[in-house]
Each structure stands twice: as C-alpha cells, then as structure tokens.
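Below is one structure; the comments refer to it alone.
Letters A, B, C and D mark the chains in the order given here, with residues in each chain numbered from 1 onward.
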Amino acid sequence: MLHDNTAKIAHAEAPSDCRAPGADAQFPRVGREVRPDGSVVSIGDVAFGADEFVVIAGPCAVESHALYDEAARLVSRLGARVLRGGAFKPRTSPDSFQGLGMSGLTIMQQASREYGVPFVTEVMSPEMVGEMEPIVDAFQVGARNMQNFALLEAIGQTRTPVMLKRNFGATVSEWLKAAEYIAKGGNDQILLCERGIRSFGDETRFTLDLAGAMWAKQRSHLPVIIDPSHAIGIPDLLAGAVAAGAAAGLDGVMVEVHPDASRALCDADQALTPTQFEELMERVAPIARAAGRSI
Amino acid sequence: MLHDNTAKIAHAEAPSDCRAPGADAQFPRVGREVRPDGSVVSIGDVAFGADEFVVIAGPCAVESHALYDEAARLVSRLGARVLRGGAFKPRTSPDSFQGLGMSGLTIMQQASREYGVPFVTEVMSPEMVGEMEPIVDAFQVGARNMQNFALLEAIGQTRTPVMLKRNFGATVSEWLKAAEYIAKGGNDQILLCERGIRSFGDETRFTLDLAGAMWAKQRSHLPVIIDPSHAIGIPDLLAGAVAAGAAAGLDGVMVEVHPDASRALCDADQALTPTQFEELMERVAPIARAAGRSI
Amino acid sequence: MLHDNTAKIAHAEAPSDCRAPGADAQFPRVGREVRPDGSVVSIGDVAFGADEFVVIAGPCAVESHALYDEAARLVSRLGARVLRGGAFKPRTSPDSFQGLGMSGLTIMQQASREYGVPFVTEVMSPEMVGEMEPIVDAFQVGARNMQNFALLEAIGQTRTPVMLKRNFGATVSEWLKAAEYIAKGGNDQILLCERGIRSFGDETRFTLDLAGAMWAKQRSHLPVIIDPSHAIGIPDLLAGAVAAGAAAGLDGVMVEVHPDASRALCDADQALTPTQFEELMERVAPIARAAGRSI
Amino acid sequence: MLHDNTAKIAHAEAPSDCRAPGADAQFPRVGREVRPDGSVVSIGDVAFGADEFVVIAGPCAVESHALYDEAARLVSRLGARVLRGGAFKPRTSPDSFQGLGMSGLTIMQQASREYGVPFVTEVMSPEMVGEMEPIVDAFQVGARNMQNFALLEAIGQTRTPVMLKRNFGATVSEWLKAAEYIAKGGNDQILLCERGIRSFGDETRFTLDLAGAMWAKQRSHLPVIIDPSHAIGIPDLLAGAVAAGAAAGLDGVMVEVHPDASRALCDADQALTPTQFEELMERVAPIARAAGRSI
C-alpha cells in the first residue's frame, strides 16, 4: 500500500486485470457487456448466478460453539446452502460486543464441516486477509467497508470468493466501482449483496432497494443477492421480501436466523426464529420455482 | 372549508366517521386491528384485496381519443382490469402539457364503456371533486397532493373509491394518516399506491419502497399496490418489479403502457410498449399464482 | 379549474404572465436573469430582498386571543418585523388540533393592527384564497402544498404577497418551478422559505438545506429566507442557524416564539421562549450588520 | 487486530481510555459532559476550538512539486493556517488518478516547512499509519473510511491529531461514535469535519448539514469544522457557506484552492481560484469577528 505512485500517472492499468477489450468505460471489468450471459460465483460447491436461488442463513454473530452449532444444524436442515456469522463485528460503538475474533472463525469452520455447508464471514482490514484466507470459504466486505479501498485491493489479490455488501449511503454505480477495485487485482469471484440504504423513513430499519439490486444485475455480470434482515429488520416482513427477490430474478438471499432469537447479542430484534425460517422457506420455494429457479 | 373551528377544540371527533371502538391510537380508522382480515375495495366490479392480483394499465396522460382508445383496447385484451390515464396532469412546470381537462375525462369514459373496464384518474383540487364524481370510477390522489388535506376531506365526503398515492417525501405513517383524513369523512374505499420515494441514487427514477408497501399492508386493513413505472422509470426492470410485488403479497400494480411509447407527451421514457406489457403479463402470471392469487 | 384544455396544447402561454423575453428556459419568470439585481417583495411596509435582514416571529398556531396578543406584543418589541401564526393548520393526522379557523384570522389581524406589524398565515385550499385575501397581509403556502397546483394558480390570480415554503421532499428546482405557477398568473410578490428537507438522520427534525437556499437565491431573483424552527426543532441551535442565514446572504428568517412554549398546542418542543428569542436577536444583530444588512 | 476476543466479552473496557467517570452512556469519551468547556485540538501550533476561526486550504490532490508549492505559498499568504492535500486519494473508480503516494507526502512536508504552516493529509489503511506518523502534522480520515474501525483503532494508538470526516451516509451520532473508537485508544486530539451528506437533490454536490455540525458541537467537546468544497461543489456559493459556519459558532473550515483550478486532476470544478479564495477571506473575516473569533 505504501509506495510511490509517481510513475503510474501516465499509464494507469496493468495488463493482467479482469478488464475486457472494448468494455464499458464505466464498469470495464464487471459491466454486463464483459460477460453478457452473466458470471457464476461459487462458494464451496454452491453456485450463485446459475439455476439455484441460494439461501444463506445463520446468526449475526458467533456467540458460542454450542449456539452456532445448533444454528448451523437447524438452517442447513431447513435448506440453507451457505452459513453466515460474524467473528469480527463492525459495531457502531467501540463499547458494543466486537465478536469472538479468531476463535469465532474456528467455531464456524467446525460447523461448516460438520453439516457440509460452506460459510462466509466478514473481514475488516487488509492485514486480516492473509490470515483468514486459508480458513474461510468466502470473505464478506461489510457495508461500512465498501469503499475501504485498501481492503478491496487486498482481497483482489486473493482468489477467494467475496460477498461485497452495498454501503447504505452509496449509489449502485459506486457499488459496482468498488467491485472494480477487487476485479482489478484479478479476483472476479464477486457476489453483490444489497442490504438496504439510508432514507428518511423509520418504519423499516433501512430501505430495501430492490430496484437498485435489479439495476446492478442488469448492468453488471455479477450475481446479486439481498439481505432483508438488515434492510428491513422486521421478522414478519422477511418472507415476503425474500419471495420478492426470487420473483425479481435475483440470485439469492442472506437472512439472520438465531436458535434463541430474543437473546441474540447482536441485532436481536431482527433475527428469525427457526420456526419463522421454516415458514419462510415454505413460502419462498414455490415462488422461486415459478421464477424458474431451484431452491 | 372556511369555517370557525373554535368549538371543535374540546371535542375532536364526529360520531359517524370510520373509527372503530378501541382502535389503535395511531391509525384509528385504517389500522389493521379495525378489520383484521383486511378490506376489499372495488373499482367498478374489480376487487382489490381479494383473490386477484389486479393490473391497472394505460398511458400517463390522455392525449387524443384515437390513442387512448387504442391503448385501452390493447391493455384490456392483455389482461389489464382497470384503466389509468390523466386528464388533469400535475406537472412540475406550468409550461409543460397540463392534460386535456374535461374532454380527457370523456375520452376515458368512452373507452371504459367500450372495453368494459373501469378507470381511475387524478383529481387535483377540492372543487373538482363534485364535477368529476359522476364520471369517474375511482379518484386518484397524486403523490404531490397526498397531504392536500382540503382535497382529502372533499373526497372523504363522497362514496367514490380513491387510490391514494404515497408522496415521495412522506413516511409510511404519514401516508396512512392521510388515508385517515379520507376515512374520517366516512369514505373507506381507499386503495393505497406506493410510487417510489426520494433518495440519493440516480440509477432509478425514484426508490421503490417495497418493504414500506408491505409495512402499510401489515399495519392497515387497506389494499396496497405499487406503481413501478413512476418508481423505477426503466421499462426493462418493470416486469421483475411487478413480479416482486405479487410475490410480496401486495394486491396489484399500476403500469404505464402507451401504444407508441417513444412519442408519449408525458414520461415517454418510462412507458411500456404493448409488446413489453404482454411479456410482463406472461412473466408475472405464474408468480402471482404461486403466491396464491389469480391474475 | 374545471375547464377544457384541448385548445391550450398548441400555444402554451398567455401574454400577460411574468415571463421576460429571452428568459432562461428552466425558470422563465423567476430566474435570476429576468431581474439580475433581484426582486424586493414587501409584506405591508416590510421589504424582503432589500437592506434589511427581516425577522418573522410568532407562535405556530393561534390558540387564543390573549396568548396571541401577548406573543405579538413580545416579538414586535424585540425586533420581529412580521408576525406569523396559523389559523388553518395542516396536521398530519385529522385528529390533531386543526386551528381556530376564521376566528384565528381575526385574532391575528387585531394583533397586527395593535402592534403595527403585518402578518403572514397559511392558506390551504383554492377556495379559501378569495375569503382570506382581504384580511391577510401575505399568504403562506405550506410545505405540504408546495405542489398543490390549483392553490398556486389561485394565489397567482391575486396580487397579495405569498411566502412559498419548500416541500421537504422537493428539489430546489421543483421549488422554483412551483413559484413559476404563481408568477404565471401575474403575481410576482413571492418570498421563498426553506424549512428543512427529509434526510436520514434523526438528530435534528429535518435537515436545514442552507446551501439549497443559497442556490435558490443565486438562480432566481426572489428573496429567500429560512425557517430553522421547523428545520431543526432544537431551540438551543436556532440562534446559530439564524446567524448563519444572515452570514450566507439570505434575506431573513422565520422563527416560532411562544409566550409559554412548553404548553403550546402545536410543535411545543421547538418554540423559543421570549428570553431565548431576545438572546437570539442579540446574537444575530452584529452578524447581520457584518454581512451588510440592517436588522 | 487479529486476536482472540473471547476474554473481552465480560469486561468491555481497558482502564486507560479517555472515558470520564460518570460520562454519558452514548458518548462516554467525546460527550460534552466529559469536558463542558470544550477541547482545544492543535495541529502544529494552530489551535482549533479556541479563539480563532481556522481556515485550512490547498488543492484536493498533490499533483506536482511546483503546483503544490505555488498553492501553499498563495493560500498561506492569504490567511490559510493549515495546508491540505491528498497524496493517497480514495477514488470511486480504481482507474482514476490515485495520488502520488509517498512522494506526495514529501512534497507537502517541504511546502509546509517552507511557508511555516502545518499540513493534514488522508491516511487510508491501518498499515500506513505507522509510516506516515513521523511525517504528517495531522491525519485525515476520509468520509469513506469513517467506519473503517481497524483504521480508527490504529490512529487511536498514536498521539497525532486527526481530522475525522463524517461519512455522507452516517448520522451525527454514528460520527461521534466513530470518534469514540479513536478516543478509546487514548488519542483525544480529534477534529470533526462535516463534508456534506447524501440527499435527494442534485443542485449541490451533497447536502451541507450545518445543523448536524452544530449538534455535534453541542453534544461533544470536540472542535467541529465544515468542508463546503465537497459538500456544495459550487465555487460561487463557498464564501457564503464559510461565513455561515463562522456565524454558527463552528471552529473553522477546509476549502479547496488550486492555482489553476480548471486543470486540477481531481474535483476540478469545485476548487477555488486564488482570486476567489482571497475574496472569500475578505467576506468571512468581518463575520468571524462579529461572532467573536479571530481569523
């Protein structure tokens, strides 16, 4: 990161990045015209952007081995194909629970192996990329780090899949340009995740920008999913939102499920109970199939 | 409107309004607890809030008899159950086309009878309510007039159904409270329509607040539809958005269709061509059915 | 209002409106190039857009003769040059206090004569314009009615000054185009008032768009003031905001002052006490003078 | 950064952070009640939060030694007390000019010594903190990194002053909590900078949240400045905005000035020419003095 850029001004691009000849000036690597049929991004053996509408589920944070194992068992049995969970948590206040750190990663890895489902988890700084790379199935870049360019560049140097969440104050174009930073390093295994934007209302937690997610899918070749748990924050509305995402042609969804939702250490109000998650899957399945996707 | 309110301060409510005993303090007439099973609102013989996912279609403005007749014939043949069209157009600039006025109403009424589909059209001031009432099947209150309280009160005195669009700068709660103004006069035939809110992005015309529409349906007993033409403004994204609305459990949709979309006098870029509308209906039908609705 | 517009499509403009030959296409009547030196708009004998930084003050609503008289006496003694107060109040819920109606107008008129200061008050529907015109010194168009075009047209037919508040969801350009509706009727006595826009934060009531107000002044010839009471809603921050408006070159301010602020029937938390208003005037006066304005 | 947090869950706080006993739960280290009279933060010998209204000026990016030296000479002669300039630039697209890197730092350091004014420049990742610390007079945390918690923690471990810009999608409370991350490490030399938030309008580049900046100053003890160049982006409006900031009681301003503004490599349209900067200083000085500040 710490280098002299003087020589770079005249010739901006290295030849080995993901940019196609003749590609769109705005999104030269992730623009739809680079791959008109769209990309498939695989986390473990689960493919995003192909036939399946993929459900990622799990608790917000890894709190203990027992709780995470129970969550992983439940959600994988009910149809989740990828696990989620945070070991390093980006919290607004430094005095909030910050996650279990490396031991949280170990807990997720064990559950992932036990139940045969890959997992995705957040990485928060460039220096963590190397240490986490051998452990995780996919990196998550959180909304607050969407324009942490040093982090994006570090991930761009790996070949590990990455789920790039949209920042709540960023336009869709800025989100795609953040993906360009990763792709420029040569890593094109990028999954986009819309998680709600800031707007003026207070009825829902954020504003789910479904049309923005559709625009991202139309204008880029990357698979796109939504995270209605963070966007909406009201468990009763999640099943409808997930069904909407499937109907809109998006590639999957990430939802928070907690075995004991009311006692979650983080975002307790928005997690689904196992029963709610089961009902969600039952409601969404026929919609996904009607939209031409397996689930 | 012009009266002395002094006597009203102490006793705020007339006894004959739609408010149920024991109703929610926030939405005493339109709150879900007033009618836990939801209301059915009928425009002509078309019921919103019942089994059907209802499609309203037509051009933005009525431009001529020939064009409107052609549009009405096309969309009714392809499955639209209610016609839309503006005779009085609320335009940002006074120098833009303002609509045909009363002759536009006549044109819509003729097409409505010809093709056997009711129509909804915008009313812009209290004094127009009485003159339009015998002609229209339903009033539309446009986004800019959502808090034109004199207009809401005038409509509340009629028994004509009304589609109340959400203002692009209003919260969902403010929208439901605007519906309270209509209901307070005794008119409970209110259909809510989300048409996009203002936010910071410029990729779509406005931001379709799908979760806000879901919240409105959860918290009120009124049927709720979306207007993705105004919310998104990109014809290629409309079919996905309409399918999303059906999957989310909403009650219908309003879309702009123009027989010669590129030459529309108003909002030309966002209208669907007849072919695009036909493809939309084909894509949406299986989704609506999978969500348990006829279409 | 209810007429046939067919004949108007081909020739859009009447010859007698305020549009200058060769004026800017975007704002043909209120654009700065129409009057490069700016307009002066007078309410009674108080000129906006001239040498003075004008303070409008008073309670949100007229609640009783005694309270309003006391408020008028206090604020006029402390330097307010125009009185404010609502007789017809646009309230989000129909069950909130709606104002005293015509008797409120009479109360304001009496206080205005008693203390020798003109008053401005809100008009909410076209049919009220004619009845209020002989009584009021200036109309106020509230934020919720900024795009109530029938109301704007009715006011455009009068020659009474009008304060046009910006809608909280409207762009500055839309605000200036709303002013065009009034000017098109021949009434060019238009004072613009920025009262805060919707954004995502909740620390202040709305977001005071000071730069938007400055842009309006740069691009139009109309005088521009701010209403920090509604925009910010925190009495301790008002004096600083008013001083900022004076420093930025705006033409005045409107603030809420209530003789017994904690018991106001409307927006109680945001009104200044008489003592706070006095402190505000003392803080603002040297700033206004340093900015080249009397106060 | 990469550690096991298990042991930290039960006892959240180290004893050596900046938190005062009995401090506000929301902002335990930067809350106003911690230091009711406010903090003074010094960059070099220039004090923010004391008597002076401080002007920081310079080009957006360091482009060459000659241009930066000229800019530094001009702005320091005209009254700027701190230099600004970017060596590492956070650009939305990876294909835009990224800054000169370390050689840019050297250029700034030389100009700073030559003209006797300290400089502030952006740091973009935790690993750069150590290398830049001996060179810079103050770090800048850019808007996009406001919640890059690893970066905030790294800066918290230094004793170098830091200017923390508000993210354009962050609430004021989130901004103050980001400052808590720095303060928790023991570094209390934090200067807050409001640089505009995202909202729906497009007349100005962002929306300058002047009242939000005032709220930050009221609720925290930290000095607060504004950056109208990024917030507004229209050179003609900057002088008024800076004057407004002084009148509102804020502690200073940061503006972009470029010796050849139309040819700047970065944000060319928004930089002031030297002449415009001189006029700005002449307009602001009497306002700052009327507000009780030297300049």
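Just so it is clear, contacts are C-beta pairs under 8 Å (C-beta built on N, C-alpha and C of every residue); 3 or more make two chains touch, one makes a residue touch a chain.
Keep in mind the model is a prediction, meaning the values are calculated, not measured.
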Moving step by step between touching chains, how few steps can get you from chain A to chain D?
1
Relative to chain B, largest Cα-centroid distance belongs to chain D
Averaging over Cα atoms per chain, report the distance between chain B and chain C in Å.
32
Measuring centre to centre with CA averages, how many angstrom lie between chain A and chain C?
47
In angstrom, rounded to a whole number, how far apart do the mean CA points of chain A and chain B lie?
35
For chain D, what residues touch not just one other chain but two or more?
169, 197-200, 202
Residue ranges of chain B touching chain D (in the complex, touch as defined)
198-200, 202
Flag every residue of chain D that touches chain C in the complex, lowest number first.
169, 171-173, 197-204, 207-212, 214-215, 218, 228, 231-232, 234, 236-237, 240-241, 243-249, 286-287, 289-291
Interface with chain C, chain B side, in the complex: residues 1-6, 8-9, 12-13, 28, 90-95, 97-104, 124-128, 131, 144-145, 147-151, 167-170, 174, 177-178, 180-181, 184, 197-198
